[in-house]
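The following pair of complexes shares a single chain, chain A, combined with chain B in the former and chain C in the latter.
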Partner chain A sequence: MATVAAPSRSTAARDTGVVAGQELRDLWLAGRGLPLMVAFSLLLSVITYLGATNRSLNFLERRETVNLTVQVAVAVGALLAMVVAGDAISGERERGTLESLLLAPVSRRGLAAGKLLAALSLWLAALVVAGPYLWFLARGVGAFTDAMGAAALAGTLVAVTFTALGIVISSLARSNRLSLSVSLFTLLALYTPTQLPAGAKQGWAAELLLRVNPVTAAEHYIGKVVINQHGWTQDAAWLLSPLVGAVALTFAAVVVAPRFMSLRGSALG
Partner chain B sequence: MAAEPRPTPADDPAPPPDQRGARSPGVTLEARGLRATYGSMVALEDLSLTARAGEVLGLLGPNGAGKTTAIRVLTTLVRPSAGTFAVAGVPHTRPAEIRRRVGVLPESAGYPESQTATEFLRYFARLYGRSRAAAAAAAEDLLAEVGLAGRASSPIAHFSRGMRQRLGIARALICEPSVVFLDEPTLGLDPAGQAQVLRMVERVARERDVTVVLSTHLLAEVEDVCSRVAILNRGRVVADGTVAEVTRRAAAPRRGRFRVPSDLRRRALAVLARADGMDDAKPAEGRPDWITVTLDEVPAIATAPRVRIDGAARALAEAGIPVLAFELDGARLSDAFLAMTAER
Partner chain C sequence: MTRRRGVALALALACPAVAGAASIAPPAAATGADAPPAVRVALDHARVATRLGAGFGLGSTITNVGRRPLAGLVAHLNVVSLTNGVYVDPEDWSPQRTKNVPALAPGRSARIGWRVNAVNGGRFAVYVVTVPNGSPRNASAGLAIGPPLGLRVTERRVFNSGGVVFLAVGLPGLLGLATIGTRARRRRAQR
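On to the complex of A and B.
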């Protein structure tokens, strides 16, 4: 009789580490990580160039240009992380690799958490890539620390929210296309209010909606820190919904959705 | 859309000691009355199986017979709605522990194209709890075992279908399992690739002393490598036993030929037409002194054909017609398969 391989440890934390390690290798050494970052870098180059040279944009206060760049970095960084997360489970399902993973004695929580961490690495990379551009634009107005700090704080909460949302949708969706479509639609729906004119954001109801939406709340916080030079804690209440969104969706992605992780998808489609 | 049976929880506590190893000696797989449904569709009904170490059990059946569902139930991927099973003595109520004792090559196994064969195996070894060093060593050993040592560093994207299947078998062996489930492992392979995989299956069962459950709809594969066979049809086991037993029971010969002097053939035809148990007797085509007889169909009486042929020979002798030669068609597994899976 063949002997059974005894696991050294079988905790979810260990599973998370193993899965995340492999996912990171797949993403950065042989996958989409580097091309996506190159594309992201090109986008920031264009924005920075326009911000520094374009006449129309030059009418903006320099701090407003920095704020615009931070907002773009947060939006695109979160989008990239969410796209990778949206493919994480449904993609495995479609490529026929999920069955082998589910057959391994790895906890599904560990699987989801590992993939979540790997997808979040894209946001981290986006933040690092944005650094030099923000430094260049913030020269002379002393906004670099404010911009990086606000991006790191509010941006990370937004990125975690969307990445976790991507994992949840990916766990439930029956197809990869559906997973990516629902994820992108949700992201666009939440970003839509940021494009509304200032007049539409007046009044208590509008403010409530802006506070409840993690995207608009984070945008507001970043704007206050970068443009109005508020202290980091002065508008901390605006971070409540991004914080709640990040915690709730991470819980959903790592604890709830894995219960419904199956070969055919459970709920969507 | 049909609902998928609820997946089993990934984690479960360790079994109490009295539930370990409680099985007949050598028995590694034991299933009793398993039932699985997809919504209102019954995919598996009253499945009972037993398999021992070192045995290759062929799970045979037409498309949609329930072979893949049976494997998914036995590997804890799908929870049965009724019945019990145990793998290596571990009851089905301990799915996580069962998963440590089974290796599986799924029918539609996909592979991460960008990973190398070594990375792929190392990753799964790590998922099974091995240290980095042990995982690397296991990957190296297994790649050598399945004949892929020379391609260890090649991306899987460059692998042929046969190489992928061998890599899949290596992955199934990474946990040193007690039972290996191979779902249609030769599907899409050329004859040389099929033979290579089947020899590997035999070797794995023999040298590692593990049970191999080989799901296929290719009868020749089963006849070639399986020590026992279970034929599934519409979710039920309709026959199981050794290949010879199943063949004899389900597809006993129904045709034979008598050689008689050519001048007596017309009279012999008349005698045989009247003999008990004969369905038909006619001259054999292209053989002037031979008569082909077809026996009445009497299912489930394994010895009846031989008895009825004997009776026909006796009738010829009593009529004074010498039997110069006699042939009985050999029964094949394909006859059994067709008989047992035919639409009724």
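On to the complex of A and C.
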């Protein structure tokens, strides 16, 4: 295992900035950033069109349509960021460019943090792209601020959680395919409880599961703010698991995973 | 069948009034004689046409047409669908559907305002009813129902509802153009 010298804070910040800048250029000027956003906006276009022209919708169900759009934006935005993060280290390893990266005069923490920030830019872009759609759907029911605020708050925590998880898995996985498979499986497994029928979500055990799972907890929070018009702080306790997930996995991605960053991968595969 | 049950069944068959007396109370109107209600309810409008999602104000006038002062009346707004297959959840239609009516001297009126939101498309009847709260001071009031307001809520189903097509096509189009432009610029720079 390669030893990692702990860089000073200013060095780590500089390294992070350098890596993030390069990764952002690669992602948005030459890479998949813009095409992914085109696909994302097409998906939201379909949902928005169906929501705006559906005659059978009760007027009050518009808030539920807004909520659905927020949920889709958060899920797909986090998925996009996680896919890019899942490719961040294992992809370099598979393309044979990780060696030169590891030999570059940047700390491994800076490398991981820079790649994490670059991948997170996809979530931020997704949030910006979702804005006009949410405004269109929410303008009649005055839910735009609620929708954007809930998406920015809960969605960012979910996106950070999954992006950091992608970096951790990518650092450990021996192949890019394995990294992406494990990342996607984890994301789908955490999203599965959102599809449970309402009856299965009753009881203390179910509520505990919903609260512990960052995805279901964030979904619950967004629904309460957008549909039920609760205040921002009324259901803030539901954001605990997304917050803990985001902080813990970011720590794991930036501090722990770089110790296992090697040319062949280590723990997975 | 036990003997006690058999006796009860025989009593019920022989005397239905005895059998139902335990669970069914006679209606209140029957006890207050058959006099017409001492309250009259009127609405500001007879017909309203609006569109889905719009709200409008509705005024009702509640008049004591009896000879005694009245207090403790409760006014209630209700919405009924006249279009087959359209479900109405009255709570969605008005934020406050039950209001207390101030005390009314004989011949005096009180105006009660309502806020109505058109949350479904179709034809509906909106009406106001006053109910005595059971106090002895309004025993003569009875149940008073106002005339129905005919409400028509239009909904339009159009291809480009609210300009959604411009957004649904425009934003992906703009992003697509940005993608093509960025790639073309990069290709030129590489040459």
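List of remarks:
Just so it is clear, the second predicted complex is superposed on the first by the 253 of 269 C-alpha atoms of A that agree within 3 Å, B and C clash if a C-alpha of one lies under 4 Å from a C-alpha of the other, contacts with A are read in each partner's own complex, and residues count from 1 in each chain.
Please note the rule applied: a residue touches a chain if its C-beta (ideal position, glycine included) is under 8 Å from a C-beta of that chain, and two chains touch if they have at least 3 such contacts.
Since this is a predicted model, take the numbers as computed values, not measurements.
Once the two complexes are laid over each other on the shared chain, residue contacts for A:Y49 go to chain C alone; chain B is not touched.
After overlaying the two complexes on the shared chain, residue contacts for A:R109 are found with chain B alone; chain C is out of touch.
Touch criterion met: A:M37 reaches chain C, while chain B stays clear of it.
With both structures placed on the common chain, the touch criterion links A:N213 to neither chain B nor chain C.
Judged by the touch definition given at the top, the superposed model places A:V18 against chain B, while chain C stays out of reach. With both structures placed on the common chain, the touch criterion links A:P132 to chain C but leaves chain B unconnected.
Look at A:T69: by the touch rule set out above, it reaches neither chain B nor chain C.
In the superposition on chain A, contact of A:S179 is made with neither chain B nor chain C.
A count of residues in chain A touched by chain B and by chain C gives the higher number to B. Residue overlap on chain A between the chain B contacts of one complex and the chain C contacts of the other covers 30. The part of chain A that touches chain B in the complex is made up of residues 1-10, 12, 14-15, 18-19, 22, 25-26, 30-31, 95-97, 99-109, 258-259, 261-264, 266.
Touching chain A in their complex are the following residues of chain B: 4, 7, 9-11, 28, 53, 72, 75, 77, 88, 96-97, 99-102, 104, 106, 108-112, 114-115, 119, 123-124, 126-131, 155, 171, 175-178, 208-210.
Residues of chain C touching chain A in their complex: 52-53, 92, 117-121, 155, 157-159, 161-162, 164-165, 167-169, 171-172, 175-176, 178-179, 182, 186. Residue ranges of chain A in contact with chain C, taken from their complex: 28-30, 34-35, 37-38, 41-42, 45-46, 48-49, 52-53, 55, 58-60, 129, 132-133, 136, 140.
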